[in-house]
Amino acid sequence: MRLLFLGDVVGRSGRDAVIAHMPTLRERLDPDLTVVNGENAAGGFGITVKIAEEFFAAGVDVVTLGNHSWDQKELVAAIDQQPRIIRPLNYPEGTPGRGFVLLQARGGRKVLVMNVMLRLFMDPMDDPFAAVDRVLRAHRLGPNGADAILVDVHGEATSEKMIMGHFCDGRASLVVGTHSHVPTADHVVMKGGTAYLTDAGMCGDYDSAIGMKKEVAMAKLIRKLPTERLSPAEGEGTVCGCYVETDDRTGLATSIQPVRLGGRLSQSMPVRG
Amino acid sequence: MRLLFLGDVVGRSGRDAVIAHMPTLRERLDPDLTVVNGENAAGGFGITVKIAEEFFAAGVDVVTLGNHSWDQKELVAAIDQQPRIIRPLNYPEGTPGRGFVLLQARGGRKVLVMNVMLRLFMDPMDDPFAAVDRVLRAHRLGPNGADAILVDVHGEATSEKMIMGHFCDGRASLVVGTHSHVPTADHVVMKGGTAYLTDAGMCGDYDSAIGMKKEVAMAKLIRKLPTERLSPAEGEGTVCGCYVETDDRTGLATSIQPVRLGGRLSQSMPVRG
Amino acid sequence: MRLLFLGDVVGRSGRDAVIAHMPTLRERLDPDLTVVNGENAAGGFGITVKIAEEFFAAGVDVVTLGNHSWDQKELVAAIDQQPRIIRPLNYPEGTPGRGFVLLQARGGRKVLVMNVMLRLFMDPMDDPFAAVDRVLRAHRLGPNGADAILVDVHGEATSEKMIMGHFCDGRASLVVGTHSHVPTADHVVMKGGTAYLTDAGMCGDYDSAIGMKKEVAMAKLIRKLPTERLSPAEGEGTVCGCYVETDDRTGLATSIQPVRLGGRLSQSMPVRG
Amino acid sequence: MRLLFLGDVVGRSGRDAVIAHMPTLRERLDPDLTVVNGENAAGGFGITVKIAEEFFAAGVDVVTLGNHSWDQKELVAAIDQQPRIIRPLNYPEGTPGRGFVLLQARGGRKVLVMNVMLRLFMDPMDDPFAAVDRVLRAHRLGPNGADAILVDVHGEATSEKMIMGHFCDGRASLVVGTHSHVPTADHVVMKGGTAYLTDAGMCGDYDSAIGMKKEVAMAKLIRKLPTERLSPAEGEGTVCGCYVETDDRTGLATSIQPVRLGGRLSQSMPVRG
């Protein structure tokens, strides 16, 4: 299978970049499944159903979230009607929405997409390892199980993300980090056959502070005085993420390649295997 | 000028990788200045003078440090005799060693190398922005000033690193992050002419938890029970960092390219301009 | 019933103070149940079975722990044979030991003692509120249930401790905080009838940094250079905690009074009602 | 001299309590200097000049602040005209206002009041120890210097507050903590003669989460979903703080006693020596 994952979409620049590059990505890579992290799509803070629908219309199959899941309050009430918008698995019991979704992809293949939040330097959550383990025990990769399993690991610390990668190695097709808003260059197929990337990077304007206007973020951090509210930078966005191909017999990855299109970063368009 | 920077060297795998790849890097890139972050070179914890001297013998000009500066206690007493080993600028007054060094590079050119520690999710330190600003006001880049200025920004949060990049834009040749131990793919020459990379990545074995044995790190994080002491992973290391070329008239960057050689990551050897 | 709770015992000064004052406390207050937090009893770091047995011999019924539970590694293997030493409830599944104990107190009365770890500014743990709720639903206070329920809330942030107090109000006899090593003066019977105290304070030498030698702690914090290992201060300790009386029909508290005996703090010996 | 210090005033309940109890406190204790921490006086978030003036009218001499200094933006512009409202010393250079004030108290006596912010589990600030040390070197306690020196230490961690106490021991009349909103019971005159209290406690309604409505705070912490904005609890407030007497020849403390008046906590009215 061919899997496309794009990192945190930040504001209008990020949304415009995703909408603009999806046709080329679909043409060149013909993904069986496309997942986008949308936690910052609405002005940097959360996402609305309307924006998610624009992503779906552009060919996105699943939207994942993170610590900004509920910044747009309407989503709290709406998410239960939106099986393809998933929030972190390890929120408290009783949280609306779900932490994973099982989809039918092209050709009747079954795909599982999961979203989990890590804990170092972040809001306290229940154990992400136990949560992921429960799902991976219930839904095994490979013959008679899922054809592909994709885990969006929303976290700050690189150590914890790498450990989650090893924890899932051999049991998922792709473990990819989000939240840092900077793409990492450590894409690798691990020894057990799981593709891994510490962070997908954001879809947004990189002449910024992780997608937000740099002048405001700088004043806030350095001067520690009240400023105007942080809002997304408005320059041309870069679409960032990764493209993974799997072995249809095992569901494990055969390759992972970075995606970086448009905007200010060095460009990387994957090549279909 | 041609500047080579390599990120946090972790243990023997990292040291072996640096020593093994330096000859090729020097032959291909002929750097005027080579800087290595050495804070994890001695078994993952700090550095000894003996190890620093091995780096110098291999062609490294300056060793930078970070939050692990004093893990090898001998360095506290030794650093004042080691002008080419620098520790973060913004340690408390009275801390041994210095936070920057002015060097003569080839052809009599003056180069300034600085090391600073950020604060989000890290040990409390004095304001890194004020500290860097003082040095950059005393040592200006360009005609009659420094021919190149390189800032090693040791920090956890991507936002704070990007803000430090913008803060120095136009005043330094290169702002490069360390500490996350994962190379980022956002190398860019910013609008003011400063080359920027959020993290250089480590020099070490990437089949690990940021360079340390993955089984031990995993047990510690997940089970929260006592484990054996963390020690560096022992597989083949990847040398990670970046290569920057500057305009001799301004000291500003004309290009920045990633370095990733050996080990498990995708390979990237810069091309001399 | 009469309940006595003493906070984190730190090192020899703390142990000596507990042993010295227990006879007077027992004579004056005649407690039906005595609980001591022992997480720092062994040189400031963890506890051994031998030390716990000294507490039991002095009249202590239950020893609670906290983030230092496993600092003495022998306890990991030993705790399953020690039902009266309890560790935080919300450690990961598979952790040795238990997070609560049901005891027979004098006159056949049933008492439940629980230990839980909070999360703000602390190591990531599973949701303490969900964990406490599960126990409180299984073991109800009052007729046909437990005659007394005591919750040791090991946490840093006062807000989170107060919220846990309200969360348990009406369902426990006493919610008392530990870990800050400083006694608070906010002992109160809340509206629902649960006695509450944000922190019991430590049993140890208060001419110190939370029980450890002040010179070493000061050097570590201010100079950020290697120091000798932290060890407990050796002056006379103060025994700190609280004394609660409950209504035998409901298990709820009728009064809570502070205990502060010996050492440097202002003295407070409760009066039996 | 006689010094009165009251901790963080939270919202209307806190303000009403201060205004209501100040006449009695002045009558009973006749303080030469009264200081109040006002960082939460305006609806829990910051303070306005109008509210500060109400405190001054009630007999307060100096208002101190903390991490909430600028929550009411008007204070940023106004503070330079308000020498008796002081903000933490160790904000970045260029921050409006001042970190200490030298006052004439009754009988021509000179009093220094200082406010400093600690760093553990708090916003990054410059070294509080270096900042306090600079002021204490410029303004010495005792003959030919200040008649009293009062330091409001705004911090979270009890260890760091105790260390600041020892750091100032013999050089200040009183070191008193704020920010935790819970009064501690460890008031003591340290070996060098400085009175010390880890936290003064808040002036506000204790049937709350550190002064804010408990239901909202509880929902926010436990459910991690959007809630209404936090606002102060509205029950009767307790005035909390301490009363210190000093030796006129040295400026050092001879006694320290807790103040707790009104509301739900156990009552403590100091006795004039």
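For clarity, chains are labelled A, B, C and D in written order, and residue numbers in each chain start from 1.
Operating definition for what follows: a contact is a pair of C-beta atoms (placed from the backbone, for glycine too) under 8 Å apart; a residue touches a chain by one contact, two chains touch by 3 or more.
What you see is a predicted model, and the numbers here were worked out from it, not measured in a lab.
> By the touch rule set out at the top, what is the minimum number of steps from subunit A to subunit D?
So the least number of steps between the two chains is 1.
> Where the centres are mean C-alpha positions, what is the separation of subunit B from subunit C, in Å?
Subunit B and subunit C have C-alpha centres separated by 46 Å.
> At what distance in angstrom does the C-alpha mean of subunit B lie from that of subunit A?
Distance between chain centres: 29 Å.
> Show the residues in subunit D shared as contacts by 2 or more other chains, in ascending order.
As it turns out, subunit D has residues touching two or more other chains at 92, 127, 222.
> Between the chains shown, work out who touches whom and classify the graph as line, ring, star, complete or other.
Graph shape, chains as nodes and touching pairs as edges: complete.
> Spell out the residues on subunit B that touch subunit A in their complex, using ranges where they run on.
Touch residues, subunit B against subunit A: 121, 127, 129, 156-160, 162-163, 166-167, 180-188, 190-191, 198-199, 201, 206-210, 214, 217-218, 221-222, 258, 260, 264-266, 268.
> Contact residues on subunit D for subunit A in the complex?
70, 73, 76, 91-92, 94-96, 123, 222-226
> Provide the residue numbers of subunit B that touch subunit D in the complex, in ascending order.
Listed in rising order, the residues of subunit B that touch subunit D are 92-93, 119-120, 124-127, 130.
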